[in-house]
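Both complexes below contain chain A, partnered by chain B and then by chain C.
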Partner chain A sequence: MRVNWKPFVLSLAVLLILFPFVYLVFLSLASEWRFPEVWPSYLGLKNWVTVFGSETGLLRSFFSSLLISLSVAVFSTASGFMISKAVFYHPKKRTLTLLAYFPYILAPVVFAACLSFFFLKMGLFGNMTGVVVAQFIIAFPYALLFFSSFWNEKVKSYEDLVATLGGNKWQTYTKVVLPLAKGLLMICFFQTFLISWFEYGLTSIIGIGKVQTLTIKVFMFIKEANYYYGALSCCLLIFPPVVLLYFNKRYVFKKLV
Partner chain B sequence: MFLEVQHIIKSFGAEKVVKDLSFSLKAKQTLSILGKSGCGKTTMLKTIGGLLSPDSGKILLDGEDITETRPEKRNIVYLYQEDLLFPHLNAYENIAFGLRLKKIPEGLIKEKVGHMLHSLELEGQAEKMPNQLSGGQRQRVSFGRAISTNPSLLLLDEPFGSLDTGTRQRMQELFKKLTAEYDITSLFVTHDLKEAVLMGDQIGFMQNGLLTVYSDKKDFIQDPQTGVQNEIEFWGGLR
Partner chain C sequence: MKTKKPNIGIVLFVAIGVVPFAAAFVYALLYSFGIIGVANQGFTLRFWESVLASGTFFKSLGYSVVIALVAVSLSVGGALWVTLKFRRQLEKRILSFVIYLPLAIPGIVTGFFTFQLFSKGGFFARISHKLGFITEASQFPDLVNDGLAVGIILSFITMVMPFFVLLFLNVYKNERIEELSILAQSLGANSRQVVHCVFLPILIRKTWVLIILYFIFLLGAYEVPLILGQESPQMLSVLIIQEIKQYDLDKISEGYVVAVLYTLLVSVAALALFLPKRKRAYAS
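Let's turn to the complex of A and B:
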């Protein structure tokens, strides 16, 4: 009889994928786990209670990150969508699209160093607005390139058709263009949220330690060798993307397939 | 005359696509325009529909100069070769689309769309989404969407070009029936010789951006440029 290995291989793959996440949760519940002990001396909610008591400012970082990422995702998705249309109809479309790749040529830290002078002059150094603007500079070109595939002759024909049927610009957008782009808009929102959520280089330079996002905190804990808080902040770091992924899967991908 | 087009010129860069276009059309009549690809038919229709601005010339609709009027204010509907049904709306909502834009009361929309579905022989298909309809049904919904808004002028840009021969023939018959039922004035562009003869009350021939409108069908048949004589010779030669 031939053994069917497929379920075993699949289960192993699922276990391997899930292991880091389960281990992070486990580590966030532990403390004082020293070599060669095989089990932590304490396993409980102590770290979580401390965090929610805001002693380490993790919860504040979580909300700061959420506010920054939501702002970046909303602004970059909305402006990327609108401006990608202008780029599509522009005679110098190719040059403009090429320019959108510019922020990705440089490493984020180098890019931030280049921008820092201007941010300092504009009073955007070390505050949340500055971090939002800096992350927007990275997320916006992504949104622009993402939506460049949406605009085409067919969408133009839809717009013209609505106009001849008596629709104004607002009606064209609300009744046709936005419903057509709904799936892509949600995916772009999700992606730009993630770009901002996990951004480290730009945020650390423009935020100069005053704006402590969750990603910055994670690196700080790791540098301090505080693995338990590091794991806990990683759990917090993963939570919003998982929620977004769930909504994307439930409401977007199902409709796109 | 209901539609008067006077000396319209339209260029893209150095290329003059429509050259001194002039013709007129009576109300409730169809002018079919025959022409090969790239002869300027679509540019002509888009200019009349307000989707492109002419370089010079004038367009009068029912005595009113509409040359500078925005497309949404012209009450001229442009129908593409593709049906362009809105994929997020079912057949009923697609037909009701133009009526909803004009904020017509719900009761009247229901009545008009119901009547239109009956005229289009689409009863029972109202709830279907565009991807559940056949090519012919989709094109009928597209017609319904255009006609339900009661346009002053209908511009048809090779509307049956993507249909198979049988469906195409049925759609031609349906179009004739609808134009009579709803008193439609239309410009019907096609590259199919037989379709041009069948659909139009008047026939025009477009070549290199120039349009010739024939006063009667005999002149069109006699003109060697139109290709009718070649067709007659070909089919006669098979006897």
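Let's turn to the complex of A and C:
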């Protein structure tokens, strides 16, 4: 008899996928877990209570990250959408698209290291505004390229039709273009939110440790060998995207092909 | 005569999308030649000569290329296998949600988690001790901060493979590979021929630009090699930042030399990928 091995492999895969989430929550509840103990000597809500008591500033970091990511998502989605129209209706759109790929493809941390001088001169070094501006610079090309397929002949024809029927620019946007782009705008908003939410290297360079987002906190706890708080920060970092996934998978994964 | 109004959209595009990149590149270039910089005294080639002679850049580049290549090859290979064998099961309700979950984990968390599992005092070392395979933590094999970059490659695979599984499942559906496979079979092809002549060529042809893009992203990855890498050689981004942040002022200029070389490398890659006029296989 032939054994069907697929259910076993699939069950194993599901366990492997869920394991990091379970392990990180477990580690965030643990304390004084020394080698070679397989089970921690303390397991409880102590770490979480401390965090909510704001002793380590983790809650503050959570809200700083949220504010930075929301700002980056709003600015990059809005500007990406508006500017992409000019780019993708332009006769030289291939050259312009190519130019957008350069910052998109470069490692953000290297980009930030080379830009840090200008941020210093503009007074944007080591503060939240600087981090938002820097993250916006890397999220903008993504948002711009995201809308490349939206500005096609069909949308152009709709715009022409509204103009022929006497509609003005405002009506073209509010009655036709924005309703058509609503779904894509939502996806782009959440994708750029996640680019910012997950960013570490660039934030550490421009924020110079003064802007403590959650990713900065995770790394700080790793360096201090405080793995329990590190795991707790990881939980705060990964559960918002899981919630987004629950509502709509497309917020986290965009169909690219 | 009609005067041409400047296109405000294009002006903004250049200001946000082009100027920062150009400024960053020119700054790094000038610094690398000693024209600007705290202790630099004018144009010199000595930082370039020093970097090229020491071989640090080439070692780091080779190391990064091998790691990225191994990680992308294993991820794409694994994702193709999963798509081929499990696509029907992965469309079921719970699994179709679960396979998206790895995308919620950023690089820094993957690095931290891998360290927690595979370090000498980590989860697997404790299990090994309990099972009697080792008696001391030092007996556990080096799987993080190691010369073979096992930890880095493992982290990259767990980050990249889920993305490619989802991508291939999408392409499989959009390109109607199921129908084409049935057609090929009805024309007499066996299952091996269907895989080699229908499944693989369509999936690879539709996604090769993204596969190369992911290779480039991994080449410049920072968080994971920062946590799981070793002292030397280091991956490119870690090397650049380490040099630029040094107190030795000569090293800062050398860091910018590496940054310029890396930027040139990815820019050439972008030109090669997106400049040729071809039918768009990758549409955002």
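Just so it is clear, the second predicted complex is superposed on the first by the 237 of 257 C-alpha atoms of A that agree within 3 Å, B and C clash if a C-alpha of one lies under 4 Å from a C-alpha of the other, contacts with A are read in each partner's own complex, and residues count from 1 in each chain.
Operating definition for what follows: a residue touches a chain if its C-beta (ideal position, glycine included) is under 8 Å from a C-beta of that chain, and two chains touch if they have at least 3 such contacts.
None of the values given here were measured: they were computed from a predicted structure.
In the superposition on chain A, contact is made by A:Leu161 with chain B only, not with chain C.
In the superposed model, C is the one of chain B and chain C that contacts more residues of chain A. By the document's definition of touching, neither partner reaches A:Leu67: not chain B, not chain C. Once chain A of one complex is fitted onto chain A of the other, the partner contacts of A:Leu180 are limited to chain B, with no touch recorded for chain C. Applying the stated contact rule after C-alpha superposition, one finds that A:Met122 touches neither chain B nor chain C. In the superposed model, A:Leu12 makes contact with neither chain B nor chain C. In the superposed model, A:Leu237 lies in contact with chain C only, and not with chain B. On chain B, the positions that touch chain A within their shared complex are 46, 49-51, 70-72, 74-78, 80, 82, 84, 86-88, 97-98, 100-102, 145-146, 149, 155. By the touch rule above, chain A contacts chain B in their complex via residues 154, 157-158, 160-168, 171, 175-176, 179-180.
Those residues of chain C that touch chain A in the shared complex are 7-10, 12-13, 16-18, 20-21, 23-25, 27-28, 85-86, 89, 95-109, 112-113, 115-117, 121, 123, 125-127, 129-130, 137, 162-163, 166-167, 170-171, 174, 206-207, 210, 213, 216-217, 220-223, 226-227, 236-237, 240-241, 244, 255-256, 259, 262-263, 266-267, 269-271, 273-275, 277, 281-284.
Touching chain C in their complex are the following residues of chain A: 6, 9-10, 14, 17-18, 20-21, 23-24, 27, 35-38, 79, 82-83, 85-87, 90, 94, 96-103, 105-111, 113-115, 117-118, 136-137, 140-141, 144-149, 197-198, 200-201, 205, 215, 218-219, 222, 227, 230-231, 234, 237-239, 241-242, 244-246, 249, 252-257.
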